[in-house]
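Please go over the structures that come below.
Both complexes below contain subunit A, partnered by subunit B and then by subunit C.
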Partner chain A sequence: MAKIIIDSQEVECRDGVTALQAAIEAGWDIPHYCYHPGLSVVASCRLCLMEMKMPHPQTKEMGWAPKLLPSCQTPVRDGMEIRFHTDKVKKNQEDCMEFFLLNHPLDCPVCDQAGECYLQDYSYKFGKAESRMVDQKIKNPKKDIGPHTLLYQDRCVLCTRCVRFAQEVSGTHELCIVNRGSRAEIDVFPGIPLDNPLQGNVVDICPVGCLLDKDFLFQRRVWELKRGESICPGCARGCAISIDHADEKVYRLKPRYNPEVNDWWMCDEGRFGFAYVHDNKRITSPLVRRGKEPSTPNWQDLPAVVRYRFEQFVGEQGGEKVVAVLSPFMANEEAWLLARFIRDVAPQASLAIGPVPFEGEDQNFPAGASGDDIKFTILKEKAPNRRGIESLLESLGGSVLTFEQFVEKTNAGDVKAAWVVGGYPKPWIDKDTAKIANKFDLLVTQDIFEYKFTDAADIVLQACAWTEREGSFTNADGLTQPFHWAIAPPDGVRRDGQYLFEMAGETGLYRAAQVREMMTDSVPTLSQLHEAQARPVHAH
Partner chain B sequence: MASFESVLLRNRGVEGSTTLKVYESRGGYQAVRKALKQTPEEIVEEVKKANLRGRGGAGFPAGVKWGFLPKDRKKTLLCVNGDESEPPTFCNRVLMEHDPHQMIEGTIIAAYAVQAQTVYIYLRGEFHEQFHIMQKAVDQAYAAGYLGEKIFGSDFSVHMYLHRGAGAYVCGEETGLIESLEGKRGWPRIKPPFPAIEGAFRLPTVVNNVETLSCVPHIIERGAEWFTGIGPSHSSGPKLFCISGPVNRPGCYEGAMDITVRDLIEREDMGAGMVDGKQVKAVFPGGCSMGILTADELDMKLDFDDPRNFGLLGLGTAAAVVIPHDMDMRIVLRNMARFYGTESCGQCTQCREGTAWMHKIATRIAADAGRLEDLDILLETARNMGMMPGLSICGLPDGATFPIETIVKKFRSELETSISAQPSGRVEDLLKVLN
Partner chain C sequence: MIHDEDILELSEPSLSPSEKLFLPQILGGMVTTIVHMGKSMVGQHRTVQYPEQKRELRLENYRGVHRLNRDEQGRVACVACFMCATACPANCIHIEAGESPWEDREKYPVKFDLDELRCIFCGMCEEACPVDAIELTPHYDLVGRSREEMILDKEELLSVYDETRELKPRKNPHITGYEGTGGRFHANGDKND
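Moving on to the complex of A and B:
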């Protein structure tokens, strides 16, 4: 803990931080572009300059140094005295903002960044109202630099964050600076586009509207978006993300800072993998088949109908032949409610975990890094909650099956009633599994899309995408992290948690926190949430 | 004054001066033999005593620079800065063209003094011919056993490599040079760490100018006292001066640092006066970056300190360019602004944007469409850039602002007269076209 003095106020700061970090953490609003906590320091934007007390070269007497110093590059020392609220510092900020805007096209009305743009914010807070430049501006055409990214060079402030990201985090080195001086531009090498699994992050770290996401281009003004906190379900890593949405539609996903998991980053697979949420092939109403005629029950009756069908089956054939297949896409709370329902109607019922999808190999970044040098990992295990479901099964005990055992037992006629949960974003039932679809006397499916199982099911329940649900996922490192719903499910669809809550015999609204409390006795490991270390976030 | 005996340029004009044979026959490679019998510390001490100030522009004492190296270092690099890109400057070029072995000898002594076993000679991209002359000289030195393993039969080994840049002014800045040498974009580094602690390839590195190193053999051979005996005490030793523009004998001359700008222009063994019909209007005395002098200020001494008394940045490279009386200062202003506008590396905001803006304004003024307030904008922009107020990583913007600032300040009335004499409506017409 060092103690320093900023603008005559004593401030305590963490060891090893820079003056800029210390000042921001203590509540100072210091403009900066090139500094990003996840990247190396280049001190080139010259916006965060400060005054500092130093010993005079001859007399050794402490006094304010005549030079301004970059606060992003100056480490704090105990007793250091610095100041930002001076005319000199403010004059530099003003001049800098004038320089940044000399060649800027001022096209905010058609720029996607408007509203979350640090040229706008800093101009407003630190800049001058008018530019004195009357000469012609440098005009640069926009460039298509990769499958997901557009580069509007006109708006660039040359902070080089994107270039450093491609060097230091993704390690793929696609971006570079070409030309000199005011003609310097960000570019890619001819024929080598910006195409790596982390490329979306360059759009996030771009403080201005230079790098834009093609997916989100001209979709929505950012001030109309609402932000929901969530966890990415793309792999077992469990990156903290936010869901930016408006009018019950997801527009984009952005990473949220979590030093234990993903720092400031997320992968493109997760970022752009939400299209299925708005797929019009989703199942939008429950279905009950009895005899040949399917019927659509109303939601109030459904818990009783399902319970009656299971009780009827258990009465006829016994509870040993009942299985609930929990999906690794379910939240811990939902899985616990379903397990509780099944064990309630059939105490001898088995629990199984659905297939866990794997793709390729784990990918570490920077490309080729190992050990402590790894800054980001995309896991090959493409489901968010295998750990959670497994520890749930372990804690609950009783008969537990693997998915293969479940298929085998069904083939052998030892399983006759099943509740199978899907919720996978991609088709998940392979040929062999599809063959058992007709071997049940009672089959309940809970899925987003229609597959072989839903065709054969006696009761079809629709599952919601994670953007519409609430609960917690336990990631590959065993951290249980909460996620919240951002949007409402499609018309006619009820949240999984809600009907499972009712089937488990509860009344009222499903709230994950309440269910977690109920779980404390039976599954203590999952009822404890991982609290991200309270470390300040000074990235923008 | 006339008693000055040529030191650095003594081999210029001698036939075959670039060959090892001729250089040795004129007493070359004796200093290095003498140096290798002393300890490295003794050599550093001797150079410190001689107060050999860096000839590249900043005038920092070379011996002190060598003393910054950490004592417990394992490996040291020596870089020779031959990226001579300052406008009107060609001292290093002359040294390399006419006497490459003098520089190689000085470099070997410096390498021994700092215990560097690897030397990189960084030449600017445009030095094609000089590169070949240097390469031949290095090859000869290797063949003679003066470079390589256990040179001159001592225990000291040193290897020398030539490297050509791609032609950028900023690569003459020592950390820009280091980045470029590493194969990267020549963007100056933030300091600390200083190159002496962590330079090229993350090793302690010393960067010295060609002319500075060329002085070293003579200091070793004749002693620090001889060196300090030449010229004023704070600016001692022989120095090369360049002069160009409409003088009778443009070229590179050697002298002590007690001469004035007027001497450089007028003396028969130097510039030999202005060509017929031309008078001096202004002079850039130390390379363009240092700023401009008016015809009334020609008595400025060309040493390391006097230029500051005339509002200049420093001695710089001591390369003067004379502006004749019939030259429009608006053209000079535009020319200066253009150079720095194209040579700013683009890293720091103020320099990247400011130099380009000044170029646009100066171009417009030269095109008869200036406004009086443009002069104030130029002055303010010039004050908003540079390392001295702490606004940039390297010193390039300081060099970019001094010529602009001094031209506007010292020739303001002329510029104002020119602007007032513009055809009316010209500014409005041009601005309409531009926007």
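Moving on to the complex of A and C:
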């Protein structure tokens, strides 16, 4: 820990960070555009300049250096003395802001960034109220630089964060600066659009409204959005994300800083992969079939109905023929509640894990990197919680099956009652597997969409998307991360956790933390939670 | 979080002995009543026989039914910035934004619904509008047979403008493109080319 003095206040800071980072972490609001802790330092925006004490070249006496120095490029050293609250520094910030806004079109009312724009924030805090610009502003119309992204050049401050991101993190080098001086602009090379699996991050790191998401364009003003903390279920990586939602609708997903998992980034697949949450083909009410008559039970009666059907089956055919198939899309807590219910009605029942979808190969970034150079990985395992379900099955013991064994046994007639959990965003049952749907005497399905199994099921329960659930996922590195619900499920739908909680014999409201406490004894591995530390308030 | 220095303690003003009697106040009230009685006896009526007679309004700032202004080309002047919806204390404005079909404009309201029944006619929307697109008109006799009818959509709000443009012309210059805004000379009304 180095000790430095900022504005006559002694501050302890991490070794090896820059003065800017140290000041931000200590709570100073230092304006900066080009500095991003995940990218290389270019010190081009000149907003973060500071005063520093240096030895005089001749007398070696310590005194304030006559010129301002970029704090983003100056590493901290023990005993270093810097200051930001001086007229010189303030004058520089004011002048820089005026310079950034020379050609700015002032179209905040129609700009999607308004509300989370650092041009707005900094010009309010550090800038001047009026512009002295007398010349005609340079107009530069928007450019379509890729399938998901628009570039509004006249809002750009040329911080080159996006260019550095394409070079250093995604490693795809699509963006560059063309022209010079006041005509300089960000552009893509002719015929090569910005289209890589991480490109959405350039929109996040753009401190102004220059790079915007086509998906979110004009959908909502950002101050109407509420932020829910969650974990991306797109792959086994488990990136920390926030769900930006309003009026029970998810508008966009943004990455949340987590140095252990995803740093500042997330992939496009996860970012744009939430459309199924608002699909109107979702199952929105439970269904019970007795003979051929389907009926919709009310939620109060359902736990008793399900328990009765299972008890009846176990009484007739024995508990060995009962299987619960836990999906790798379930949260640990939900899976534990279901396993507890099944083992309660049939102690000899088997537990199985549902099929884990794999797509392509693991993708490492920067493209072609290996070992320590890897900054981001998209895994081929497209389910968030295989590790969690596996360690749950291991801890609970008893008979454990793979999905293939489950299908085999069903074909052989050794499994006659099953609770099959889906929750996959894409169709997950192939044709061969679908054939076993009619071989059960009692089939309970829990799924978001109607697939082959739901048509044959005796009891159809709806599952919720992860945005509506609460629990924890265990990612590929074994980190168990909690996620919280952001929106309410569609009308008539009850959260999975809630009805599983009731079926497991509990009363009251399902709360993941409470269930985690209950499961500590039986599954100690999943009770160690990993929560990402929040970033300093003024970091962006 | 409320800081101690922000807390203001107020107490009722104490009454003087004559105020405690209440008699002077009662007499003062009687005087007003008698003066008005006398005025109406000599023909100076304050009562307006609505709807045969209508009050004279201050057209400039009367806060009645809203309108959506049109620009010079007859297009809706609104840029769908949601400032009015954000400022609205009654949450009566519902906008759906879209990419505008015009070259010189970025964004425009695909839908603009204003619930006149929820509205409290405070005029905040007019204050908030950066392009002076939404304004309150002197129209106040707004009637409808259902709640749905009282939710004015974009076309209806534009037609209110067509009806009232003679009565209350749009006062500020229209801003559609954003060229030259913010320039010092422009602010004084000079052209800067």
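Keep in mind that, in the parts below, the second predicted complex is superposed on the first by the 531 of 540 C-alpha atoms of A that agree within 3 Å, B and C clash if a C-alpha of one lies under 4 Å from a C-alpha of the other, contacts with A are read in each partner's own complex, and residues count from 1 in each chain.
In this section, a residue touches a chain if its C-beta (ideal position, glycine included) is under 8 Å from a C-beta of that chain, and two chains touch if they have at least 3 such contacts.
Everything quoted here is computed from the prediction, not taken from an experiment.
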Dominant toucher of subunit A (residue count), subunit B or subunit C: B
Subunit B versus subunit C as contact partner of A:Phe218, first or second or both or neither: second
Touched partner set for A:Asp135, first subunit B, second subunit C, both or neither: both
Contacts of A:Ser44 with subunit B and subunit C, given as first, second, both or neither: first
Touched partner set for A:Asp107, first subunit B, second subunit C, both or neither: second
First (subunit B), second (subunit C), both or neither touched by A:Asn298: neither
A:Gln58 touches, of subunit B and subunit C: first, second, both or neither? neither
Touching both subunit C and subunit B, counted on subunit A across the two superposed complexes: 132-136
Subunit A - residues contacting subunit B, complex: 41-47, 49, 65-70, 73, 92, 95-96, 99-100, 102-103, 132-136, 138, 157-158, 176-177, 179-184
Subunit C-touching residues of subunit A, taken from the complex the two chains share: 101, 104-110, 114, 130-137, 139, 217-219, 221, 223-224
Contacting residues of subunit C [partner subunit A, same complex]: 79-83, 86, 97-99, 106-107, 130-131, 178-185, 192-193
Interface residues, subunit B side, partner subunit A - complex: 168, 170, 185, 190, 341-350, 352-357, 360-361, 364, 377, 384, 388-393, 431, 434-435
